[in-house]
Each structure stands twice: as C-alpha cells, then as structure tokens.
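My questions all concern the structure below.
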Amino acid sequence: MKKNITMVNVSDKPITQRRAVAMAEVSMRPETLRIIMQGKVKKGDVLAVSTLAGILAAKKTKDLICLCHPIDFSHIDISFSFKKNLLLIRAEVSGAQRTGFEMEALTAASVAALNVYDMCKYLDKSMSIEVKLLEKEGGKSGKFKRK
Amino acid sequence: MKKNITMVNVSDKPITQRRAVAMAEVSMRPETLRIIMQGKVKKGDVLAVSTLAGILAAKKTKDLICLCHPIDFSHIDISFSFKKNLLLIRAEVSGAQRTGFEMEALTAASVAALNVYDMCKYLDKSMSIEVKLLEKEGGKSGKFKRK
Amino acid sequence: MKKNITMVNVSDKPITQRRAVAMAEVSMRPETLRIIMQGKVKKGDVLAVSTLAGILAAKKTKDLICLCHPIDFSHIDISFSFKKNLLLIRAEVSGAQRTGFEMEALTAASVAALNVYDMCKYLDKSMSIEVKLLEKEGGKSGKFKRK
Amino acid sequence: MKKNITMVNVSDKPITQRRAVAMAEVSMRPETLRIIMQGKVKKGDVLAVSTLAGILAAKKTKDLICLCHPIDFSHIDISFSFKKNLLLIRAEVSGAQRTGFEMEALTAASVAALNVYDMCKYLDKSMSIEVKLLEKEGGKSGKFKRK
Amino acid sequence: MKKNITMVNVSDKPITQRRAVAMAEVSMRPETLRIIMQGKVKKGDVLAVSTLAGILAAKKTKDLICLCHPIDFSHIDISFSFKKNLLLIRAEVSGAQRTGFEMEALTAASVAALNVYDMCKYLDKSMSIEVKLLEKEGGKSGKFKRK
Amino acid sequence: MKKNITMVNVSDKPITQRRAVAMAEVSMRPETLRIIMQGKVKKGDVLAVSTLAGILAAKKTKDLICLCHPIDFSHIDISFSFKKNLLLIRAEVSGAQRTGFEMEALTAASVAALNVYDMCKYLDKSMSIEVKLLEKEGGKSGKFKRK
C-alpha cells in the first residue's frame, strides 16, 4: 500500500544546463515605496536584506518544498525595479542539474518579498505580494515564457 | 559606525497573547483546480502536502525572515477554500510572545502555496500566487483587519 | 594529534548508481492500527504526515548523521503495509553518488515512524519502533540483502 | 474546507515542569559490541558521536516531527549500557513547557542509534534498532511508565 | 555507563535579563580596508552582508554549539569600526533567559567576520580573524569585562 | 536596478579537485589547556565535541556564508595540536567542485574553536580565537600557502 504522495524519479534524466526566472511584485502605497527608496525604513536597508534573504532561501528550497529534489545551483541573481506602487523583485537561478530551478527561483522571490513586508509592516500592513514564474529553460518540458 | 540594518529590541515589550491570519490565493485554470479536488495530481495529495509545508515553514520563520525574532508559537492552523479559479490557503498562528506572528502566518501561507505550485506545475506553469495579511491582534500596534 | 573521529575520504570512489531500502515497523495495539486505517486519528492523516516527514528527513541526513557525507539523491519512495499489530514503513532511496544511501533510507524510515508515534501517542504511549536495513546495492561493498 | 491535518492548540495549557525518557536498543553481533567497547571502530569514538548526535537531534525535533510544537528544553542527558548483544541508549529530556518532551527524547534516542549504525555498518549491516518511550511525567495526561 | 559529554542542567536557574558582547577583528591590508569602505568589493556591500550573516548565525547558535541550550534572544546588534588595518565587528545579544548569550554573541561575531573574509578573499587570502568576548552580565557567574 | 550584492556565477568553471586547509588557534591559560588534556573539563571530552562540531559546521557552510555556493565535499579532517598556551585546530576539506573549499575549512575551524570556548568558558572567559587560511589548491586562482 502506498500513500498518494511521491517524489518524481529523476535518475534517468540527463544533467543539462537549466535556468528559471521568477518575479515577486510587492504592492504598496507610493509613500512606502518612497521611504524604501530614500533608505529611511526603520529596520534599515530593505533591498540589501531582501537580496540576501532571497539568496539564502533559494539554498533552502529542498527543505521548504517537500517534494523538491535536493539540487545545487551555480548562480542566483536578485534584482529590483519600481513601477508606480509596485516593488518588483526578480530572481534568476541557473545551473546544470537533472531537474529545473523553477522552485528555487519562486522561493527566492517569495522570501525576498516577505522580508520587504517584514521591514515595512510598521508603515503599512495592507501590502500584498504576487509571485509568478517568468521564464524557464532547459530540460525535457522545454522553454516556458510568461505572456 | 553602524550598518543601517537592525533588529528591533523587544526586551521591554510585555508577553501578551497574539494572533495573525494570512491568506495565499493560488490563481489557476479551473481545470487544474478540478484535478486537485479530484485528487488526481501526479505527485499526490496536494492539500496534505501544502498543509504540512505551511506548518513546517512557520517553524522556520526566524531563519527565512532575517530581522525576525526567534519566537515559538502555541498553534498554527492551515485551511483551504475554493473560489472559481482560486485555491485559497488560510494560515492562522497564535501564541503568547513579546512580538507578533504576522511573519509566521505570511510565511506559512506563502510556502503552502509554493508547494501547490510545485505539485501542479506540470499541468500549468502560469499559475500565480498572491499573499496578504488578513488579521492581526495583540501587541502595542493593536488590531489590524484587512478590508 | 588527532581526535579519534573521522569522516571516510570518498574522493577516489567512482560515482555509481546506488540504492538502499530500509524498513521501520511500528508495533501497536490492533485498535490503534484500526483507528489509523479508518483515518480517525485526532491530529489527522497519519500516512500522509509520515510520508512527508520521511522524505524531508532523508534530505536532512547529512545534518543528523555526523560522519555522513553531504550527498543528494535522485529519488525517494515511502510506502506502507500492515501486518497484525504492525504498521510497516518502507523507505527506498536511490541516486548516482560516490557513497551509498543506507543512512538516508534508515533516517527516512525512522523519522516517518516517529511521526506515526507522535500522532498516535494520545491513544497509546507503549508503541515501539524497530528499524533495519533491508537491501543495499551499488558501490564497492556490493549487494546486501537482509535474510 | 480544512485538510485533515492539525497541530494541537496548547495555548490554554499551563507551563509545567515535564520530563520524558526514551530508550533505543541497537542489536548487534557480540563481536561488533566488543569492537565498539575497545574503541577500535574505524570512524572513531562511537559513543561520543552518538551522544552528540542525540543532543543535536533533540534540538531539531520541531523540524523532524511535523506536528510537534516548537519548544525549548532545559536539559538533555544521553547515557549508554550494554546487555549481551545490545547497546542500550537512554535519552532523558526535561524542561518547563506547555507540552511534553516525549518526541524530543524519542528523536534523540533514534538519531543517536542511527549514528551507531552509520559508524559500524562496515562491520555488519544487519544490526537493527528498537526505540520506545520508557517514562513520561508532567502535563495533563499524567505519568507514564513502561512495564 | 555514561559518555563523558554533558549539557548543563539549567532547570533550576531563574530567568534573568542577560547580555553578552563579543568582538571579531578582521586583520587585513589597508588597501583591502579602503576597497571595503569605498563599497568597491566585487561581491557587493560587505557590511550589509556581514551584519545579516551575524544576525542569522546568532539564531542558529544551538545547532552550531553542540552543548548550548536552545534559547531565544530579544535583541541583537551588529556594529563596525575601523582601526588601521583592522575591521572590528561588535555583536551584542540580550534577552531574558535561564542561561547567558556568550555563545550567541561569539557565534554572530565569528560568522559576520567569515562573511567579510568570503567577500574579500579574491583581494587577499592572508586576512585573519580574531574573536573574543568583551562583556557579559546577568546570571550567577556575574559580570565579566575584558581588560 | 540591482542591489550591490552578488553571488559569483560559476557555471563556466570546470569541476576540478580542490583542497583547503584552515587553522584556528584558541589562546588560553596553560592551566586550562592542562585541564582539557587531562579530560577533566566539566562538560566532557572537548576534542571530541570540537571535532564533530567542526565537521557538522562545514556541512552548513552554505547557510552561514551568504554568498557561498551550495557545494558538497568528499572529505573533511579535523586535527589538534598544542603549543604553549595555544590549542591549534586544523581543518582540511577536499572534493571535486566548480569552486573552492576555503569557506568550508574556515567555518569548520571557527565553529570547532567556538565549541572549545563554550566548554571551557566556566574556567576562563578571556580565551580568544584566531582563524586563518593555511593552504588552498585547485581552481583558476591557483595555489595559496600562508607564510
């Protein structure tokens, strides 16, 4: 008898170069965004904390995503942009493995955004976070590019 | 000289009963939602995995949210509901501490949602996740209730 | 001077396909087994929790087994069977590495069983757990099969 | 809708002094036991490694036992005895908390035993481990003492 | 029989306010120090990374220091100063517990310094790190102040 | 816009055999050193605990050193020597990877030394720890040997 919960067997998959890009959009009041950009948030440098939190979270993906394989990546890059009331956090993860980095990129972007929330929640608790996969390449399922 | 990054000092805050509720909405095709509800997702029981991943993530909050205090909670509850093309994940965390559980609830909801994404990404990589705080009570800043 | 504690040097071992299977037997009252099978345990779905706990523990083996090498696996499978007053938990781990997965399989089975204990201890604290290696293949020491 | 997996709410339980004792019995060939006692195991000092692994595992209980509350203990003690072909590992955990230390003691004993297996598996892969709760006191459910 | 490794039993110690301060001195070429201060290190903002790494490490003390009790702190503060060829990292940890924060402060300072080394090792691998306790107060053993 | 914090991209680096050696020197009163060597430290066997703590810390390097790549090693060796008032801890890490093991060796040596401090701080809180890289080979930057 087997419980209906399974990790995919990737033993037969070849090791190929893979890459995934995720985006987290933190929606906030323009005033909050201004305080972040002016570096005046009380707990300190929001983008530095967010970047490091994202990088560290990517390295913990296998512990957070139950059915994820334990795999190591060769590179992660976190960058930011602003659009009206949005702080955009882009996380790109790449490396040569038997399975893709979608979850590493999404985890990095999500946790980077949660750290923004943590540092700014004294200003506004109604911020919200939206996370999605932007791109993915490498592996049998081929390319994905969000429209 | 001090780097502009600081953890709030909560030494003088009293220990009070606190509670926070967060929500993650996973937006997906109705077809994907149906496959989840029918229990036919290839990796298995999505809601069971999501629940446990959320509970475990809440216990790891201090490692994921850099400037969060290390605090233990007395209870966490994860529940689900469906609305058209949305799978709603509600995480409630409570306990008696010097500081609140907003980040525990948001982290639980986010990671619970990321596990849904992981299990269903073979069906649809364009799912997106939205996370927000619904309620918060206890502590000096008082009650918060999202409109 | 060297303290008498050493990790084996596996630098010269070739990377080969390896597999290990462990079993944990949770001995309990037939009544407890019946409550598990009827899905009526108060904390919830025992086999789902046990499965996930086993998978996650396997990924933490290097932190739990002090002299274990840090190695990643390609697959883990947890399954259950029942025999009189025994709940049997079988954990199989495989992948291509320089050293074997015996400890990953044994750790997965042990922790899967401990989670069964945790969920059912309100019914009966006198349950006991027996853990052993069933099979192992790949690597210089060759095949092992428990009689 | 709620998935059938829940952590018990201990908010209303009083903080009381609690204690739990677990035992792991590693069954092995007398020859293997002799090599351990003579300190001639290749990887080194088995009892030192086993002790530390048990202590460290107890501190990780909340990450390994999914529905366990995050609680800190005031003391842990690991000790050993020998009986024919058995190496007995006793783990005792105590502290003042809202919930008991059964899982901390069982986790410590199990992981301590798994480290013995790891260090001696080159001598004999057919060793087996049996784990059980010996005693438990403090808390509403009262005393438990294994017969 | 007991292995000669023990965690101190702190059950009977009262919960009191405690504080510990540690210092790490990273010795480096004046040229390296200048590159750090000008913010021109290739991997980025050294002091931001060092600060966060120190804070996160303090929260992991119980996993790194084998015989340390699992305790939570209320505050940690990392600050920097420069003296000729030295980058000085000061870590202060405080809270109300049954045992002191010496190891939390020393761990924070050490890991903060190791992150400086990691980011600057492309400039100079001969940097060295010296770590010591500066102050400690609270608890039965009383005040300690380094001369 | 990118925050000035980056992980080096090692995708194009070849996998080569690498090795790093670090040293931690714990400076203490000769009396403290004598108590360690006589095995009379209250918490127990200092060198056993220090060895294991160093090995386990090396396996956690990626979580402690923010911008470190997640890489696995094939071997780690911790050894000790004494010189007047110094306890010397040597950590050597090796394996085949795209990037070097300097940080694994330095982290192992640092944490091994912190555990010595923890066990002996009841004798003397004024001990200090000095950590440095001794050797490094493999990889593009070539050999490093400390003078």
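Note that the chains take the letters A, B, C, D, E and F in the order they are written out, and that residue 1 is the start of every chain.
Going forward, contacts are C-beta pairs under 8 Å (C-beta built on N, C-alpha and C of every residue); 3 or more make two chains touch, one makes a residue touch a chain.
These numbers come from a predicted model, not from an experiment.
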Shared chain contacts [subunit D and subunit F, defined touch]: C, E
- request: Find the chain most remote from subunit D, comparing centres computed as mean CA coordinates.
  value: A
Field: Centre-to-centre distance between subunit D and subunit C (centres being mean Cα positions), rounded to whole Å
entry: 15
Message: So the centre of each chain is just the mean of its C-alpha atoms; given that, what is the distance between subunit C and subunit E in Å?
response: 37
- request: Starting from the mean Cα coordinates of subunit A and subunit F, work out the distance between those two points in Å.
  value: 31
Shared interface positions of subunit A, touching two or more other chains: 3, 5-8, 45, 48-49, 52-53, 56, 60, 63, 66-67, 72
Task: Take each protein chain as a node, join two nodes whenever their chains touch, and name the resulting shape: line, ring, star, complete or other.
output: other
Statement: One finds touching chains in the pairs A-B, A-C, A-E, A-F, B-C, B-D, B-E, C-D, C-F, D-E, D-F, E-F
Query: Mind pulling up the subunit B residues that touch subunit C in the complex?
result: 45, 48-49, 52-53, 56
Field: subunit B - residues contacting subunit E, complex
entry: 1-3, 5-11, 62-63, 66-67, 69-72, 98
- line: The answer for subunit A against subunit B in the complex is residues 3-8, 39, 42-45, 48-49, 52-53, 56-57, 60, 63-68, 102-103, 106-107, 110-111, 113-115, 117-119, 121-122, 125-133, 136, 141, 144, 146-147
Field: subunit B-touching residues of subunit E, taken from the complex the two chains share
entry: 17, 47-48, 50-52, 55-56, 59-60, 72-82, 94-96
